[in-house]
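Order as written gives the chain letters A, B and C; numbering starts at 1 within each chain.
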Amino acid sequence: MSDTPLVRLDGAGKSYGNVIALRDVDLEASPGEVTCVLGDNGAGKSTLIKIVAGLHRHDTGTYTVQGEEVAFSSPREALDLGIATVYQDLAVVPLMPVWRNFFLGSEKRRRLGRLDIPFMRATTRDELHAMGIDLRDVDRPIGTLSGGERQCVAIARAVYFGAKALVLDEPTAALGVKQAGVVLRYIVQARERGLAVIFITHNPHHAYPVGDRFLILDRGRSIGYHTKDEISRDELTGLMAGGAELEQLAHELERGLRKE
Amino acid sequence: MTTPAVAAAPDERLARRSPLRRLLGRPELGALLGAVALFVFFSLAADAFLRTGSFSTVLYASSTFGIMAVGVSLLMIGGEFDLSAGVMVTTSALVTALTAYQLTLNLWVGAAISLAVTLALGLLNGLLCVRTRLPSFIVTLATFFMLAGLNLGVTKAVTGNVASDSVRDMDGFDSARAVFASDLAVGGVTVDVTVLWWLLLVAAATWLLLRTRAGNWIFAVGGAADSARAVGVPVARTKIALFMGVAFCAWLSGMHLVFAFATVQSGEGVGNEFYYIICAVIGGCLLTGGYGSAIGAAVGAFIFGMTNKGIVYAEWNPDWFKFFLGAMLLIATVVNLVVRRRVERSS
Amino acid sequence: MRRATTRATVTVLAAATVLALAGCSDSGGKKAEETPGAGGPRLKIAMVTHSGAGDTFWDIVQKGAKAAAAKDNVEFLYSADPDGGKQAQLVQAAIDKRVDGIIVTLAKPDAMKDVLARAAAAKIPVVSINSGATESAALGAIAHFGQDESIAGEAAGAELKKIGAKKALCVIHEQGNVGLEDRCAGARKTFGGQLQNLFVQGTNMPEVKSSITAKLQADKGIDGILTLGAPFAATAVDSVESTGSKAKVGTFDLNKDLIAQITSGAIWFAVDQQPYLQGYGAVDQLWLQKTNGNVLGGGRPVLTGPAIVTKDNAAALEGFANRGTR
């Protein structure tokens, strides 16, 4: 762990027209650490990611990468500084073969601009195999893979291309228990390789086992920013669910059930 | 997670299922089967169809659609349409004929000016689509109208007629005609030079699509533009380049028009854009983008040329011409569809 | 799909034309009031045709009309739409502008019936040109200037026979156009030999060329080609050359390149319907009717064609064609 965090937001904010999507949020992610960002739908998680990934520029506050202030105008710029983002729904191009997806945007070329196809096929197969995905045919359209497999391809891709920071947007959201486990295991692997991981999720049970820091967002604001030793799983779950609201909900549901 | 036995297995299985599956998975296969079926059909139906001279006429007709279909199919794979492609050919031809004639320039200079203007039109189409984020269908429909109006208005303002003046006796006509509109004897068969241009373009486009980074980007921007942008593909630049690719094909077709016919009718070209799109679709390009091939579009153009001329060779009652044309296209497209569905189900 | 687009293009262009013309006419009218012309009161005459965009033929009609308008101190307005309903709307627009006379083509007579009745109610004289010779009088037009397509076809058939053709093609560049079909039918009547129709896509010259080439290859016995528009004749000559066929080419309509090819012997004849005369005659007729109550043709159509152009008289017409008026 180094002293300056790899990625750091101070008082970052973003508004779309007169809608304030994010206000005054702090975040840091250091190598070998997993920073979890938790929040319900509409809490501002995706805005936060888009700022970190370079898709949108922040309006207020500062964004520093390795101590240098940045303002990205495209994801490419973020990528060049080693910040790779894996999106929940737009991670891949479904109709394209797995290996083309794996190298998309960072194609390996030989002389005359020719693609080095054998290398890319073999590398894709090896990298996926190392992750525990056994693909018979890397020429298959990636759309034919399962959701978890697709996430893993995207994560493996980011790691292979030398990402220093990995931003994961709800990688476990659409997955079954077993597949989510595979993805969580890979998050830990990425951390152990010395990457700074920013893991966005709404599931505290996925976040707590792998996370080192936890940022909880609600309606565009931070409602808690804790290291693992400051907070227990139950506290995190409570914060995440908005404590009192959850009790209220449980109460209502029980009453509803009794009526029927 | 994975046992060594399973790890060793993939390559075996790959080898076993690969050759046939690979072939069946190609987007152009359905079109190819349709083309073979049509060829056999017309060979039986029309005596004149199998003569070598007839074949070169069919190839010529195919090439005039095929050259444009190359650019249009790449653009479609990239997820966009260009409805101005048909009249852009006429614009390109008119620019050459009008500038060269009015300024008494060598026709090669006219051709160069036309190339610049046509590429600028492609750039404009691309920029408009990318910047406004409007569907290209709307943007290029607008440029289609504008170009059709400009073709007529400028031609009439400059020449006082609705056709350009003949450039047959001007400097550079003969050499340019040799490049754009001549025919060559290849092994006893007359082949129009447009056929060579066509094959060259198809080869170049296929190489571009399958063997270069740009090709990867084209598939990606058509298949999922947001995903492509997120992994660092320059989506806007790729799309603009594709529109300019269509413009280049339009220029080549326009040059053929000028040097084959010497005068250019300003009202020509309207409606052809749909034939180009049809060629690409018959050849397996998805209307929604992200899938297709340049070879498929070439086969589509060949089907189109074959049907178009085969009806003439078969000497069927011309009153039914369009009906037969439509029926042939339907059959070819359905064969294409059935093959693709079958492949998708079995994989 | 293609037809709809073509029509849409034309609609937009026509609408723009109408707007532009409407804008112009106001200022013109004022000018006319302030400075009355020397040759009598300044008249305003509108011509509404069924022309598509970019047709050489209608360009020449307009030139004739403009020449007569300049001579007669007439303000000439032009608009066109190939769609019958839209053409009627354009005529209505002319009525609303209270023009002094209307010139229409009657390609779709039924679509024009009501609007011409309104013109009569508004006491605006109507002259029909080009197509619609048989319906002209019934629809209230005072005169008709045009070519009878059947008669013109018969003349073309006779010419084909004269140059020695036995088996010929009639190249129709717009499928479903009754006037073009009439020409072929007329030619068939006087030709004596076998005349087949061949349909080509007129907006796509390479397609025209390959279709004619294919037909010549399919039937080596063809020794004559009759095209129905000037640009297609030159293309037919290309096809004849590339297939080594012995077919002789004749055509309808005229332009300057065609005259050169008639002089050189590549094309044998042209059947000209003298479009200039249709525009010129119609404007002149309206002016005569307004200023002197004259009517041309004695209630019958005034035929502007066919005028046959061959090697013998082509040279004399060269200058006129270069000007774009023949």
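In the analysis below, a residue touches a chain if its C-beta (ideal position, glycine included) is under 8 Å from a C-beta of that chain, and two chains touch if they have at least 3 such contacts.
Quantities reported herein were computed from a predicted structural model and do not represent experimental measurements.
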Of all other chains, the one whose Cα centre sits farthest from chain C: A
Pair joined by more contacting C-beta pairs (A-B or B-C): B-C
Geometric centre distance via CA averages, chain C-chain A, whole Å: 70
Mean-CA-position distance for chain B and chain A (Å): 42
Whole-Å separation of chain centres (CA-atom averages), chain B against chain C: 35
Contacting residues of chain A [partner chain B, same complex]: 53, 55, 74-76, 79, 85, 87, 90-96, 100, 103-107, 109, 113-115, 117, 125, 129, 132, 134-137, 139, 144, 157, 182
Chain C residues touching chain B - in the complex, by the definition given at the top: 1-3, 5-6, 8-9, 12-13, 16, 52-56, 59, 172, 175, 196-199, 201, 203-207, 209-211, 213-215, 217-219, 231, 234-235, 238, 242-243, 255, 257, 324
Of chain B, residues touching chain C in the complex: 46, 48, 51, 53-54, 57-58, 60-61, 64, 144-145, 148-149, 151-152, 155-156, 160-163, 166, 183, 190, 194, 256-257, 260-263, 265-272, 274, 305, 308-309, 312-315, 318-319, 321-322
Contact set on chain B toward chain A in their complex: 1-2, 6-7, 9-10, 13-14, 17-18, 22, 211-217, 219-220, 223-224, 226-234, 286, 290-291, 347
